[in-house]
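Structure in C-alpha cells, see below.
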Amino acid sequence: MKSLVRCRILPWRRHFSTTARRRVTRSIEELPDRVKASYVQRPSNTLLSLHWPSPPRNILITKKKRTPGITESLIEYSTHLSTTYPSINIILDPDSAAEIHEQLSFPVYTWQKPSGNASPQYLPDKTDLVCTLGGDGTILRASSLFAHSATVPPVLSFAMGTIGFLGEWKFKEYKRAFREVYMSGAADTYAKLEFPDHQPSIPLTSPDDPLDKPLSYADIRGKAMGSNRTARILLRNRLKVGVFSPTGQRIDALPAGDTYALNEVIVHRGSSPHLKIIDVFIGGRFLTEGVADGMIISSPTGSTAYSLSSGGSIVHPLVPSLLLTPICPRSLSFRPLVLPAEIPITLRFGDKNRGHEVEVSIDGKRISDGIGPGMEVRVLGEDVKNEAGEWCGGVPSIVRGVDGLEDREDDHWVGGLNALLKFNYPFGDQDGNP
Amino acid sequence: MKSLVRCRILPWRRHFSTTARRRVTRSIEELPDRVKASYVQRPSNTLLSLHWPSPPRNILITKKKRTPGITESLIEYSTHLSTTYPSINIILDPDSAAEIHEQLSFPVYTWQKPSGNASPQYLPDKTDLVCTLGGDGTILRASSLFAHSATVPPVLSFAMGTIGFLGEWKFKEYKRAFREVYMSGAADTYAKLEFPDHQPSIPLTSPDDPLDKPLSYADIRGKAMGSNRTARILLRNRLKVGVFSPTGQRIDALPAGDTYALNEVIVHRGSSPHLKIIDVFIGGRFLTEGVADGMIISSPTGSTAYSLSSGGSIVHPLVPSLLLTPICPRSLSFRPLVLPAEIPITLRFGDKNRGHEVEVSIDGKRISDGIGPGMEVRVLGEDVKNEAGEWCGGVPSIVRGVDGLEDREDDHWVGGLNALLKFNYPFGDQDGNP
Amino acid sequence: MKSLVRCRILPWRRHFSTTARRRVTRSIEELPDRVKASYVQRPSNTLLSLHWPSPPRNILITKKKRTPGITESLIEYSTHLSTTYPSINIILDPDSAAEIHEQLSFPVYTWQKPSGNASPQYLPDKTDLVCTLGGDGTILRASSLFAHSATVPPVLSFAMGTIGFLGEWKFKEYKRAFREVYMSGAADTYAKLEFPDHQPSIPLTSPDDPLDKPLSYADIRGKAMGSNRTARILLRNRLKVGVFSPTGQRIDALPAGDTYALNEVIVHRGSSPHLKIIDVFIGGRFLTEGVADGMIISSPTGSTAYSLSSGGSIVHPLVPSLLLTPICPRSLSFRPLVLPAEIPITLRFGDKNRGHEVEVSIDGKRISDGIGPGMEVRVLGEDVKNEAGEWCGGVPSIVRGVDGLEDREDDHWVGGLNALLKFNYPFGDQDGNP
Amino acid sequence: MKSLVRCRILPWRRHFSTTARRRVTRSIEELPDRVKASYVQRPSNTLLSLHWPSPPRNILITKKKRTPGITESLIEYSTHLSTTYPSINIILDPDSAAEIHEQLSFPVYTWQKPSGNASPQYLPDKTDLVCTLGGDGTILRASSLFAHSATVPPVLSFAMGTIGFLGEWKFKEYKRAFREVYMSGAADTYAKLEFPDHQPSIPLTSPDDPLDKPLSYADIRGKAMGSNRTARILLRNRLKVGVFSPTGQRIDALPAGDTYALNEVIVHRGSSPHLKIIDVFIGGRFLTEGVADGMIISSPTGSTAYSLSSGGSIVHPLVPSLLLTPICPRSLSFRPLVLPAEIPITLRFGDKNRGHEVEVSIDGKRISDGIGPGMEVRVLGEDVKNEAGEWCGGVPSIVRGVDGLEDREDDHWVGGLNALLKFNYPFGDQDGNP
C-alpha cells in the first residue's frame, strides 16, 4: 500500500533534518496522506474497536485558547510524541504553531486560516488522529475543522481542568493513553511492519518511564503494552446541515457540500429582543409554527448541551436520532421531539418575520450575522456506515478505560451522567452540611 | 404451501354449514393455520408495505368494553366481512362471542379465557389479521393478546367516537379499509389463486356498493381496487419485559417467555401514599437510585402515553429506543432519558423499601398485586428483523391513507401530534373567543 | 380644588379656539394637573373599583407602531373623545402627534422625546387616563412611559387584531368602554359639578348613538349610564428595578430613581454565543451561581410572558411575589422560584465572566448595549399601598365586564388562561379533524 | 392571669409526687390550660419573634415510628426537660406513652386515640409547645394532631438522621435549642415570675453542663442565656380543606370544622390504573377539566414536597398563595399555577368518572378509601392574623440560628434549597471524580 511505503520512509527523512529546519513551520500539504483507521463492532457491545492498518503518523493537536498553563502542556505533549514516536508528525493550528514552534526542536505542520466558514483545506486528507487539550469547547472546535468532511479521524481528548462531557481523559494520563491508541489493533498489522532503528535526538523527560522509551519493533511484538488490546471508540453521529440564505445560497459553507455539526445547529433571536417565528418541517411536511427565542436541532451527543438547558431529554449517543428542542417557546405545548436520524428536518424563518433577523450557530459558533426572512436550515443525520457496511462517519471518540477493568464494559456515558451532570442528584444533607 | 391448500378448502366447507352450525361458537383450534403477512420497505420511505402470500382468512375482531352502540358495530362489521369475503372466519374474544353469536348467521371462533397473565393459547398461530373497534385502549388490549408472541398479525383499528393516537381509521370507512388491507400486495400472489364461485347466502346490506359485492377472482385481477396498491404499515417496536418476584420467579407470564409491551411497563407506588425507592441499571451497570411515585420504561410508541404525562419527550415510533421516564421523582435533576433499544434496562425495587410494596403494570394493566422488595423488571427493545433480515416483530399497524394522496407520503404521526395532541397549540383568540 | 376650577374653564377656552389653534401640537406642560383616580376594594372581591374625584380630562392615547389601519383608529378614537367629551384634552406621543395632528380639528398635546432611558417629563403629572390601541406590546410601551413614576394612571386597552393577555377590550367597544370609565364612581362626586352648556363644533359621527352625544350634566345625573356602576380595576404590581454598571452607576435611569417594570427584567447573553455566569442573591444572601443564557426576574403579570416560555409557573397577578426563572440554565436542578415581593433579589454578572458582556432588558426593551462584569440588577416588588393604606402603585388595568353580568365576578384572568394561553388544552379531535 | 397562677402551683405539686405516681400515664385533661405564645414581627425581617407570656409548661413530644434508637432519644429528651425545667409536663402520643412511661421517673400525659380522621380532643387547648424527633414526616404527623384547630403551638423539630426540609435542628443541640425557646421573649415577662426553690430529684446527666442546671429565677434574670434573644419563627401558612362526599357530607373530619393541611391535599387515582377526570374551579368559576393521575393543591410550604416532584415551582413559605399542580396530566399545556391564598379552589371528581374512584390524602395520609363521582375538595389559604392583627394561624416553626450570627438574618430557606434540595447543583467533577 502506498501509505505503508511512505510510512517507512518518513522517519528516515526526519533524521536528516537540521536544527534550523526543525524550528520551522511547514504546510500540511507536505505530509503523507492520511492513515485511515477502521472500526470493528465488538460482540455484545455498543462501543467499537479502533484498528490502524499502519501506525498513525500525522497527529493534529489542538488546545483551548486563552488558558494559562495550557501552552506548556501543548509543548510537553508534542515533545513527548515527537521524541517517543519518531515517525510522528505534529500538526498544530496556525495560532498555536505561531505561538510555540520556536520552542520546539522539531518541525510543526500547519495550514492557512481559511476565510469565512470554510474548513482548512487538506486537513481531512492528512490527519490520522486528533488530540485535544481543553474541554468540550476544544473538542467542538477540533471537530469543526472537519465540518465539511464526511470522515473524521479518531479524537483523543485530554481535559485540562475540569472534565467535560465529551472527553474524559486526564492530561496526566497522556503517555499511556497515547500509546494505547497508537498500538490499537496493532497485533496483526504492525507485525508486518519494519521500524527503523531510532536514536532520540533530545533527552527524554523521564528516562525510567517505559512510556517515554522510543517505540521499536520489539515493543510492538511484545506483550508489554497489551498488543491485542484496542482503544474503544464511541462513534458520535453528527448532523448534516445546510443553511440557505433567503435567495437560496448556502451560507454555511462552500456551495458544494454540507456542514457537519457534532452538537447542534441553532436558530436564535440573538440580540433582537423580540420573539421569532420559525416554521418546522419534518420529512418535507409542515409540522408547526414555532414562536420562540429560537430552535435547536441537536444530535444525541448534543442532547447534554444546549438542548438539555432548553428542557430536552437526555438521549444516549447511540440512539440514531435528531432532537428538535425549542428555546423558550411562547407555547405551553411545544414538547421537545426525538425524531429518526433519517428523516430530514427543515427550519424556515418565514415571511411573517418581515423586518426581523435571526442568527444561526453551529456547535456554538455563529456562522453569519443576522439573516432575514426566507432563510432555511435543513438537517439530516449523517450516515455512519458506507455501502460496504464499514463505519466511516461520525466523530470517533476514544473512550477512557477503567484501570484493571479493561475487559468489562464501562459505560462512560452513564458515568458522565452521574459524575458530571449530577443526574438525579439525591436530596439530603449527605455532603457536608455539618 | 399447506396454508394455501387449506385456504381453498375452507370456504367450501362453509357452504355446507347449516343454520344451526352457523350460530355456533367454535374453538380457534379448528381454524387453519395463520397466513403470515410479509413487509417490504418502500424506497425512501419509513413505512412498510403489507404483502399477503394468500388472502387472509382468520380475522380477529375486538371491541371496547361497556360502550353503548359498539355491539351493533361489531355485528355490522363481522356480517360485512362474512358476507363479502366468503372465505373469512371471524374470531371474537370469549365475552363478545358469548354476547353476539346468537345474532350472527355464521359461526364465530373463540378461545378459553386463560388464567392470570397468560395469553390465549393458539391465538398467535391462528390469527391472520386483527381488527379493533374502539380507542387506543382497545388496541392495547388487542395487542396484549399477543403479549407472549414474537410476531403480531397486522392490526387494523377503527375509532369509535374520538380518534385515538394509535389508530386512525374511522368506522364509517370500514369497507374500503378492509378491502385495501385484504388486497394488499395481492397483484402478484393472488393472481395464482383460484376462487370458488360464490353465492352469498344472506342479503347484502347495500347491494349497489361495490365494496359489498362478494370478492371473486375477477375483482382481484381487475384494476378496480388498485391491485398494486398496498396497505401501509407502521411497525411499532415493542418492549420485551420480564418481571421477577423477590424470589426470582417470573410473575408476568409463564416461566418460558418474555412479555411484550406496546406502550410501557410501569412500577408505581399505587395506593401506598409513600415514595418508593427504585434502582435503575443500564446495560447491567447501576445508573441511579430513583425516589419517586414510580418509573416508566416506555417504547417510542408509548412516548405519547403515560411518559408524556410524566414529562418525557415525544419520540417518533421509528427511533429504535427505550425511554426511561420517572413519575414524580423526588429530585430536581432526574431528566427523562432516551436509551438505545438494544441496551437492557433493569428496575430493581430494592431492600431499602422494607415493608413496602409496588405495583407493576404493562400497557395499563396491573399484572399483579403489590410486590415486595427484591422485585425486578428487566426490559429490552424487541428485535424487529429476524436473522434473514425479514421484518417480523413489532405491532404492524395499518396506517390510513389520504384520499387521492396515496402516493404521497402522509405522515400520520405528524398529523396526530397536531390534531390529537394539540402539539404547540398557538396562543391567541383564533378559535371562537367572540 | 384647583383642578376642579380649571376643569370648568378648560372646555370653555376650547370654544374660542380658532381652526389654526386646533391643528396645533401643544406641550403637555400647558395641561392642567392630573386628576388622581382612587381605588376602592370591593367586598369579597379581588378587583378594585375606580373612582374619579372629578371627570378625567387629560387622556393619553398610544398606539402600536407600524401597523396598517391603526392610524385611522387613532383618529376615530380621539375625534370621538374630543367631540363627545368637550372638556377632554388628547395627549399623543411625539411620533403619533406629528403623524396625525394635521388631520384633527382640535389640538393635541405631546412631549419632547427624552434621551436614553429617561421617561418623558411632566407626563405622570399630567395624565389622568391612558388608552392604548394595540396589543400587549403597546401596553408595555405605554406603561414604560411611567417607568420612573410611583403612580400610573388607569389604563384602558383596546386590542387591534387579536386579543392580548394584558388588555381585553375590543376596539369596537370603545364608546361604551370609555363612557363607563369616564363615569366610574361618578354618582357622588359628579353630582356636585356644573357642566357648561356645550354645542358641538363638529358633526357627530353617528348622531343616533347615545354614546356619541356630548356628555352634559343631565346625563350624569340620569341613570342612563348606570351611575353607580364602576369600572373594575386589576392592580398589576410592578417591579422596582435598579441596574448598576460595573462602576456602580445606575444605567437604567437618571441617578435619582428606580425603574418600574410591568413584566420583567432580563439579563441575557444576547448575541454572544456563550453561556453567562450570573450570581443570584436573595435578601442579600447568596443563593446560587446560575450558568445560563440568562435570568428573568418577573412580576406575577409577567409570569405569562417570557417567564412562561422559560418554564416558569403561571402566577396570578394578585399573588404578591417575584419570580426568578432561569433562561436555558446549564443545570438539571434550577427549578423556577416564586419569592415574596418584599425580599430583594440581586443578579450579579460577576468577575468570572471576564471578557464577556450581557444585555439587560426591561419589558422587552434593551436598556443598554452589552455590559461587562460587575454589573448588578437589583429588584424588589413595588409598594401598592401608601402609608395611609390607599392603593397607589401598580398599573391599574381596567378590566372588561361581561354584558349583563356586571355583578357577577368575572375572572378575566381565568378566561385569559383558557381563551388565549390554551391552558390545559384537551387532547382529541374535537375541533375540526374531519 | 389564671395561667400564671397555675404555673406557680404546678411544679410544687410535682414535688410531692411519689414514684408510683410518676410512672403513671395521665390524661391531658388534667393539665393546666395552654400558655399561648405571641409573635412579633421583627423590623425589616420576614421571620417573627416568639414571646411567652409565662414559661411554657405542657410540652408535647412526638417521634418517628419504627426507627431504631429513637426511643432512647425520646427518653433522654423528656428526662432532660423534666429534670431541668421542674414545672414542665411531658405529653406523649398514646403509643409512645405506652412504650416508655415505665422507664420514666415522672408522669406522662397522653390522650385517647380518636377514631377516623378526628384529631385528639383537648390537645390544642393544652399544648404550649410541640417538639418532634424525626424527619419531615414526623413534623407533618405532629401538625396533623392540630388539623382541626385554628391555632397550632410553636414547633421545635429535631432531625434524627438526615436533616429534613421542614425542620433543621440537630438532636445533639437539644439542650441549647430548648432553653432558647423556653426563654424566648422572657426578659420582660419572666421578670415578674417567682420560681420555687427547686431540688432535683434525679441526678443530672452531665452536671457540668449549665444547660442541665435546673432553671431558677436567677438564670432568667441573668444575661447568661441572652435574655433578650428570642426564638425566630417562620410562620407556615396552612390550607383550610373541606372534603365532601358525593352526597355532600364532610369526609375529612367532624361535620363542624375544616381540616388544616401543612403541605397539601391530593386527589389521586391510587391503585386504579386509569386516568381520572378532575374539574377545577377557581373562585367558584370553572377553570379546566384535568385528565391526570391526580391533582395537588399545595401550600407554599408543600411546594418543596409532592408538588416539586410533579413539576411545580418552588414557592417561598412567605408568599401567601395556593399551588395547583397536576400529577401526570394527559395534556401538554397544564402548567402549574400559583394562586392567591384568598381565592378558593375546588376540585370536583365529576360524573364523567362513572364507575371510578379516587383517593384523597392530606399531608401524605389517605383520609378515606376510594371515593366515587360527585366528591369535592374545597381549599382556601388559612388566615394567619386575627381581626386584632395578631398572628394566630399557621404552623409556627422555630428556625435554627447560626452560632454567633444571631443578629444576622439567616435565611434557613435559602440554605435548605442548597444543602437539601441541591438546587441548581453545579455540573462538573468537583466532588470526587478522581
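Order of writing sets the labels: A, B, C and D. Residues in every chain begin at 1.
Convention: a residue touches a chain if its C-beta (ideal position, glycine included) is under 8 Å from a C-beta of that chain, and two chains touch if they have at least 3 such contacts.
All figures in this text were calculated on a predicted structure; none of them were measured in a lab.
J.: What are the mutual neighbours of subunit B and subunit C in this structure?
T.: Output, common partners of subunit B and subunit C: A, D.
J.: Tell me, please, which chain's centre (mean of its C-alpha atoms) is farthest from the centre of subunit C?
T.: B
J.: Starting from the mean Cα coordinates of subunit C and subunit D, work out the distance between those two points in Å.
T.: Whole-Å distance between the two chain centres: 43.
J.: Averaging only over C-alpha atoms, locate the centres of subunit A and subunit C and give their separation in whole Å.
T.: Once rounded, the distance between the two centres reads 52 Å.
J.: Could you state the distance in Å from the CA-based centre of subunit A to that of subunit D?
T.: A distance of 56 Å separates the two centres.
J.: Could you pull out the residues of subunit D that touch at least 2 other chains?
T.: Touching at least two other chains: 308, 329-335, 421-423, 425-427.
J.: Sort out for me which residues of subunit C touch subunit B in the complex.
T.: For this pair, the touching residues of subunit C are 162-163, 331-335, 419-422, 425-431, 433.
J.: Using the touch rule from the top, collect the residues of subunit A that touch subunit B in their complex.
T.: Per the stated touch rule, the residues are 46, 282-285, 287-291, 300, 303, 308, 312-316, 318-321, 323, 326, 329-340, 342-343, 409-411, 414, 417-418, 421-427.
J.: Touching subunit C in the complex: which residues of subunit A?
T.: 270-271, 273-274, 292-293, 306, 308-311, 327-333, 359, 361, 364-366, 421-423, 425
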